[in-house]
Each structure stands twice: as structure tokens, then as C-alpha cells.
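Below, each structure is written out as C-alpha cells.
Common to both upcoming complexes is chain A, partnered first by chain B, then by chain C.
Moving on to the complex of A and B:
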């Protein structure tokens, strides 16, 4: 039986295309910044929300065993839902320090937000124009980043912290 | 004296404007090659989202610091992965995309060459 070369080529090409499409369908196309896990955070300088002379940098985070960096804003509704978990973390676990970064917000509104819901943060800094958020690979808030004393990202949470993620954080810092 | 001062001012204004438009063009080129991660199918240049506005600020800052376009892309890829740039770099995951068009072109040329040669031979015979 004679099989022509063109038929073999067409058959191979069809199989190749099917394989490519199959691989493409299997791939998760939802964007996330999971790639940051395991990397070190950039140098930064974060000015305190109430006092322009007071600031922290990455060097200060090295003193903490674990630091949770949380981006929040008073205008962000999901930030309200995750706030109770941040308060729990702050009250129940002494190994973890929480840094709040107030994102593109008015100072007065941010302070009212913390007065109303409670302040879980060891330091509240301001990111008025959002430039600091880019250093942390943030693309929407709330987002939280858990780093160890080497400044290595060990967990990144996009969206509000829920019960499952709260428990995961507790496990990681044990 | 007055005329030379006037000419100097005019020259300064013209050169500043040219420089500014050149920088704006370079910035626009960078924005066009950056994907807005929170928008559907829009580049940073097209988008008015909060995220795009912040990226524009950061890119502008880095330009002012004297960083090259490649350095800016590298910085952003480091933070957001390769997805943020429209033009991906050559790597093992996408080498087929880069190589396949050339391979198909060469293969197609070869097939055409064979067909033409066969047709010529048939005509001679």
C-alpha cells in the first residue's frame, strides 16, 4: 500500500495542532502573581500615615520573624470583610507583625476606617499615588503578602483574606 | 541684544517642546507594549484604569531616572511576570512560536520547489 508523503504531512500537522490546542486548554489562563512566591521583596520606604517624619523600610522587616503586608483602603468593600481576620491574626499570633499600606486613599477616611473596625496593624503607611504597590506586584486591592525575616515572599493573597487563607497563614507561621 | 535674547528664548522653547514630544513618544511606545492586567484586551496606553495610571507613573519615573526600555520591561516582568509585556521573550516555552513560522516558510518553499521541478520534468518528458 502506497501512502503519499503529503498525506503523512497533513496527518502529522493535524496531530500537532490537536496537541497544541489540548495543551492550551489544559493551561490555567487566570492571571495571578504566584511567581513572586520565593522571591525577595524590593527595597522600599513607607511613610507613616500620620507622621511624615516616621517611616519604615525593608530593613525593619528583617527584625520580624514574619510580616504580613496588607494593602487596604477605606473605599474598598472587600477590605472590610477581611478585616476581622487581620484583627484575629494581630491578637492571637505574636510571631507575625502586620504592616498596613493605605492605598490611594484620603487620610481622614483611612483613620475613620481603622477607628470603626479596629487597627490590626503594627505600622500603617501611606501609598497615595500607588507607586509602592507596584514594587510589591500588586494589581488590585485588597492584597496581602507574607514575608519571612529574609524578606522572602512565602505567601501572596490576591483578594480578601478568608477563613481558609487565615488558617493557611497560621500554619505557615507556626 | 534684545533680538538675540528673543531668539534664544524662542530656540529654548522649540527645543524643550521637541524633547518633550520625543520623550512622550518613547513613553507611549512603552505603554503600548504593556498589558493592562485588570482590563480585557487593553494595553496600558489604551486603559484609563487605576492600575494603568499607576504603571504610567512608575514608567515615567524610571524614564526620568535614565532607565532604558529593556530595564523597565525587566523590572515590571520581575513584579508581574512575562504576561505584562505584549512581546514575549524567547524561551523554552514559546520557542515553537518563534521558530515555527520560519520552519513552515522554508518547508513550503521546499515543497514548491519540488512541485515546480516535477512539473518541468513532466513537460520535458
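Moving on to the complex of A and C:
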């Protein structure tokens, strides 16, 4: 077999591809974002759902002792089950501020959702195409991230918040 | 008991593979013109054992023999018989056994049906196919054995994922496997052809039928999967550019390209090297798809309980396949000179290939980019519909035009007459499009182009059909049907996309809601016990205010106990002109139910057109001679 540039390129590309696959296999927790705990959240800019001129960024979170970032949508049935815990948190605990990120939703539906069930959020941001949520490492909703004033993630909840997790959050913010 | 029989059979198949390889090798060295009788016999024996091993597993499932881990994990005594049987291939281990079955059966059939072809070529094909068989048998025995035992024997099984308990899904895997694993035979044949030097026209004839068979089954398998997603998943769509759907499209594009260039190889005895590349590529992509789905690198509705050791095995096997085919190809590759006239059919077929490869590369990039990014930089992204829509849809327009014109060119060189005819039909399509635009509403420039090009293909193909019957031609019908149906498919998808109504809202029993021209009345909800699940059935009365037509829709929420899962069954009323689609999901601690209502025009025609594409292929399978 004669060696030529094109052959070398094809072989090296194939080897590269297979190596990437191999490395990919080694990352066993591919879609598990639990390992975000301890890392700092990246910078973001979140626009208010009702008012396009109003927005917050990571700088605003530094003012809060604790911030719970909750991802929700009106079409998401489990989001409704966790809602009462969010309401409890916002009523009972002053140390914690809750930010809602409305994930791939219609504005009208989201507002109806909050009118119907109550609004536990200090700020509701919109994420119509789901891009901001990707920044936070979200792969399905509901999900919630608890960060402290350093913007470090101290807890991450995949799926709806239940009683156990609710108590854990309360313990963490004590 | 069953376990011993099963494992015994698998070991026998493995031994037979080794035996066949060695006898075939020695036989290829002799000067005799015919293949030894013993090879046929051994191959038949191997096929029988393979089918028996599969039946052994099916019996395990039918009798709910929970001493087999596989049956324990994927079945349950209360499951209906049909799904007990379908459970056999609804899991990783069982489907691997099905995979081996298809490898072996195709190997035998190829040997028997190609008796007019060169002996060496056939023997080498058999050898390569058996190497593949050995590879997968080792995988089965060492890593994914469906006959593994469990002790103590559990009294009850864990059950099959309820979302998989659907008739469409029971036939979806076997269809796809015949399609994807069937490609193995011309992978082996291509390797054999390179080594034995048996190429050109005769090679094309030897693999033609097999390419068509696997193309038909792949097409059908993909459609059935899509039908399942529409009826079962309750998302109201039929294609989501989900990584696994994409994985199934990759080999499909390669095989579609192959099917077309094979015609050129057969008629004009050129493009040999390209055909070989496509033969190798199709099966390599099938295995790549399997790797991506089974290793857990990609996550989606198709995720089998993933296991990294499985991934490593498939990956090593894949690397071996890729490197050996690359090395053999480069060793034997001879430069060909192409001499195509611009206005000839072969040029258009080549253009088809460029399109297919473009689509293939686009989807490959969309699939692999997130994996690359994750591995190299730890950033997680997902590539979704916008990416594919932006890149793929614009190119569908020229493809549709070329699909109409291309087949009307004659081989070698054609006259300009076709262009005048085409111009005329373009004007007709524009007129029809303007008509739709005027009466049914506005849409974007891109949609306009899609409609015009789809209508163009439809009109052109209809004229072809007329010509076909007037001149009483004997060939080309299958091609016309497939192309025509593709035109209809794109047309109906376009209409469906433009004129769908979709609304999401919450209702409680007794509420009435108005959406465009429909009034939805949520009358009641009833609970029922079924054999293997409990079900809450909603009764909705739908009144079309335009013509006072009343319809009743009954979406369900099913509560399965083994394993405990909720599934939402959409209520779908299919009519000739549109589908009414209603799903309901419960909202806990509330009397409200979340309702998703959709009115999707011409859904049934999307399925019919898609199925007709495959039917075109099956017609071609039945026409042995005189095919163009």
C-alpha cells in the first residue's frame, strides 16, 4: 500500500474519532449533573417574563445569602407537585430568595400557571428556547439549583422537590 | 434447562462458524469450479441452530421462565402473550440474538441464491460474514448472554417497560434489524469483491437484491418507529431529530445513495470504487449507530439499560471493522476514470449521491458535535431541530426538482426537450401553490419553495405514470411510486406543519373550552381495571362549530404496576383530512387536568406516503428482470 497524504488524513481522523468515542465511554456520568455541586455557576443574563427591560445577572445573586434557582414550565406536570414546597420556602424563610426560570413555555400559559398556583418567585425569568437552562446544566425539568452568595452550587435537585429535599434545603440554609 | 439448551446452541453456532471459515478457505484454494456440498450443509445447519436458539429464548418468554435473568428483567406473568413474545427482542440481550440470527440467515441465503457468481467471491463473502458472526457471538457469550441464569429463581418478573407494549413497537425492532443487519452481507461481499477482484457489473448484480431488501426494511422500520412515537409518546409529533432517530437515518442515507449508484455500476460499469465505499460505509454506520445507542453515550427514549463494558466491546469491534476495511480498500483501490456527460442519467444519479452524503454528514456532525464538545471541553450542549431544519430543509428543494427530472434523462446523453417540459410543470406547480396560499393562508418563502418543489415532483411523476401506462413500459414503476410518494410526503409534512393547531390548557370535569372552531366539553372521568394496568379514561365531547359535527375522544392515563409507571395514551381521531389529537395528564392535588389539544391536517397521508415509498421498493423486489 502506497502512503499518501489523503490516506494519512483519513486514518488519523478515524483514530481521532474512535478515541473520542472511547473517552466518551469513560465519562460514566454523562448526563448526571450532580457533579456541579461545588462549582460556581457561569455568568448569565435573565430577562423578566413580563418586562423585557428588566433583567438580572449573576451579580444580583451575590446580594442574596442563598438563592434557589428553579426551572419550571406550565406544561410540566411534576412542576405542580413541587410548587407548594416552593411557596413554603418563600413564605417561611427570609434567607432564601427564589428565582424561577420559565423553560420553553408560552408567556400566557406561564402567567396562568402562577396565577393559579401562586407565585413563590422573587423574580421570574424567561428562557423561551431553553438556552439559558443549558448554561446551568439542566437536561429536564423540574430541576433546582441552590447557590450561596459566592455563586457556588451547594445543592442540586433533579426532578420535583419532595419533603425530604425540602427539609434538606432548610437545613442547608440554617 | 432452557439456559443449557440456549448456550449449547450458541456454542454450536460458534463452532460451525470456525468450521465454515476453514473449509471455505481450503475450498477457495482448489481449482474446482463449484463450491463443496459440505459448505452448504454446514451453513444450513448453522442457520437451523441459530433459529432454534432464538425460539428457545421465545419459549422462555412465553412460559415466563424466570430462571433466565433476561426473562426475569423484561417479562411478567400477567403480560399478554403478544407482548411476552415481543419482549424477546425488546431488550439488549435478546435483540443481540436476533441480530446474530439475521447475520446467519443472510449469510446462508446469499450463498444459496448467488450460485451463478464467481466461486472465490462467494466463499470470501461467506468467510467475512462468518467473521462478523463470530465477533457478535463472542459479544453475546461474554457480555450480553440472554441465557444467563438467576438463583434463587424469582416468582415474578419485573415486567416490560409499558411504553414498549405497543404493536408498532413489537414489529419495529425486527424490521430495523433486517434493514440494518442485512447490510452486513454486502459489507462482506464488498470486502470479498476487493480481495477476489470480482468487481464491476457482476458484483453489482450479486448484491442488488440484498441492497433493495435492506433498504425496504430500513425504510419501513423507520416509519413504524415514527408511527409509534406519534401514537404512543403523546408529544403530537412524528419526528424529533432525537439522536437515536438520527442514528437510524445515517445508514439510510448511505444505503439510498448506494441503491442509486448501484444502478450506474450495473448499467455503465463505472463507479465501482464508490459503490464499494458505500457498501462498507452502510454497515459501519449501522454498527456506529448501535454503539451510540447501546453504550449510553447518547441518551434518549431508546436507551437500553446502558453499560460501559458493552460500549467498549462494540467500539473495539467497530474499530476493527473500520481499519480492516480501510486497509483492504486502500490496498486494492485502482483509480477509475469517469467520463460522464452533464446531461445524462448517471450525472443525476451522482448528484443524488451528493445530496445523500450531504444530509448524512450534516446529521453526523449534529450528532457527534455534542459528544466531542463534552469529551474535549466538558461543555454540554444539545443540537436540536433548529440546526437540522436550517441546514436540511433548503436542500430538500433542489433535491425534489432533481428527483423529478433525473430519471427522465437517458443514459449517456439526452436532449434539451426535458427542460422545456420541466419549465412548463414548474409554472403549473407555482400556480397550485399560489392557489393554496390564496385560500388557506400565508407562509414563509421557504415553505413556498418547498410546496412548489414538492408539487413539481408530484406532477412530474404523475406524467411519468401516464407515460408508463400509455407506452406499456415494463420497468420504472417502482421508482416512480417511490419518488411520487416522497413528493407527497414532503407536501403533506409541509401542509401539516403550516396548518396545525396546537393548544395547551387545564380543565376540570364539567368545563367547556373553545379553541378556534372547536368546542371541547370535559364530560367525565372513569376508572377501570385492565389485565396488567389500571386506567383513568377521560370523556371529551368535541363539537366542530362550523358544521356541528360531534365527536367523542377518550384519552387515557394508564397506571402500570410492573414496573410502576404512568403512561399517557393520546386519543386520536383520524380522518381523511385531519387528525384530532388529545392527551390528558393529571395534576396532583388538584381537580384540574392538563389537556393538550391538536388538530393536525393530513396526518394519515403522511403515513400513507411514507409507506408508499417503501412499497415502491417492495415492488422492485418482485420485478427480477427488465428493471432499469
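Quick note on the criterion: the second predicted complex is superposed on the first by the 143 of 174 C-alpha atoms of A that agree within 3 Å, B and C clash if a C-alpha of one lies under 4 Å from a C-alpha of the other, contacts with A are read in each partner's own complex, and residues count from 1 in each chain.
By definition in this document, contacts are C-beta pairs under 8 Å (C-beta built on N, C-alpha and C of every residue); 3 or more make two chains touch, one makes a residue touch a chain.
Because the structure is a prediction, the values reported are computed rather than measured.
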Touching A:154 in the superposition: chain B (first), chain C (second), both, neither? neither
Tell me which partner A:80 touches in the superposition: chain B (first), chain C (second), both or neither. second
Between chain B and chain C, whom does A:137 touch in the aligned arrangement: first, second, both, or neither? both
The answer to whether chain B or chain C touches more of chain A is C
Looking at A:22, would you say it contacts chain B, chain C, both, or neither? Reply first, second, both or neither. second
In the overlaid three-chain picture, which partner chain does A:111 touch, first (chain B) or second (chain C), both, or neither? neither
Chain B versus chain C as contact partner of A:170, first or second or both or neither: neither
Is A:47 touching anything from chain B or chain C once the two structures are fitted on A? First, second, both or neither. neither
Pick one for A:56: touches chain B only (first), chain C only (second), both, or neither. neither
Intersection of chain A interface sets (partners chain B, chain C): 31, 33, 134, 137, 139
Mind listing the chain A positions that touch chain C in their complex? 1, 7, 10-11, 14, 17-18, 20-28, 30-31, 33, 74-75, 77, 80-81, 84, 106, 109, 112, 116, 134, 137, 139
Which stretch or stretches of chain B touch chain A in the complex? 37-38, 50-51, 53-55, 57-58, 61, 76, 78-81, 83
Per the touch rule, the chain C residues reaching chain A in their complex are 291, 295-297, 299, 308, 311-312, 315, 318-319, 322-323, 326-327, 330-331, 368, 371-372, 374-376, 380-382, 504-506, 585-590, 592, 594, 596
So, in the complex, the side of chain A touching chain B is made of residues 31, 33, 35-36, 39, 42, 104, 129-131, 133-137, 139-140
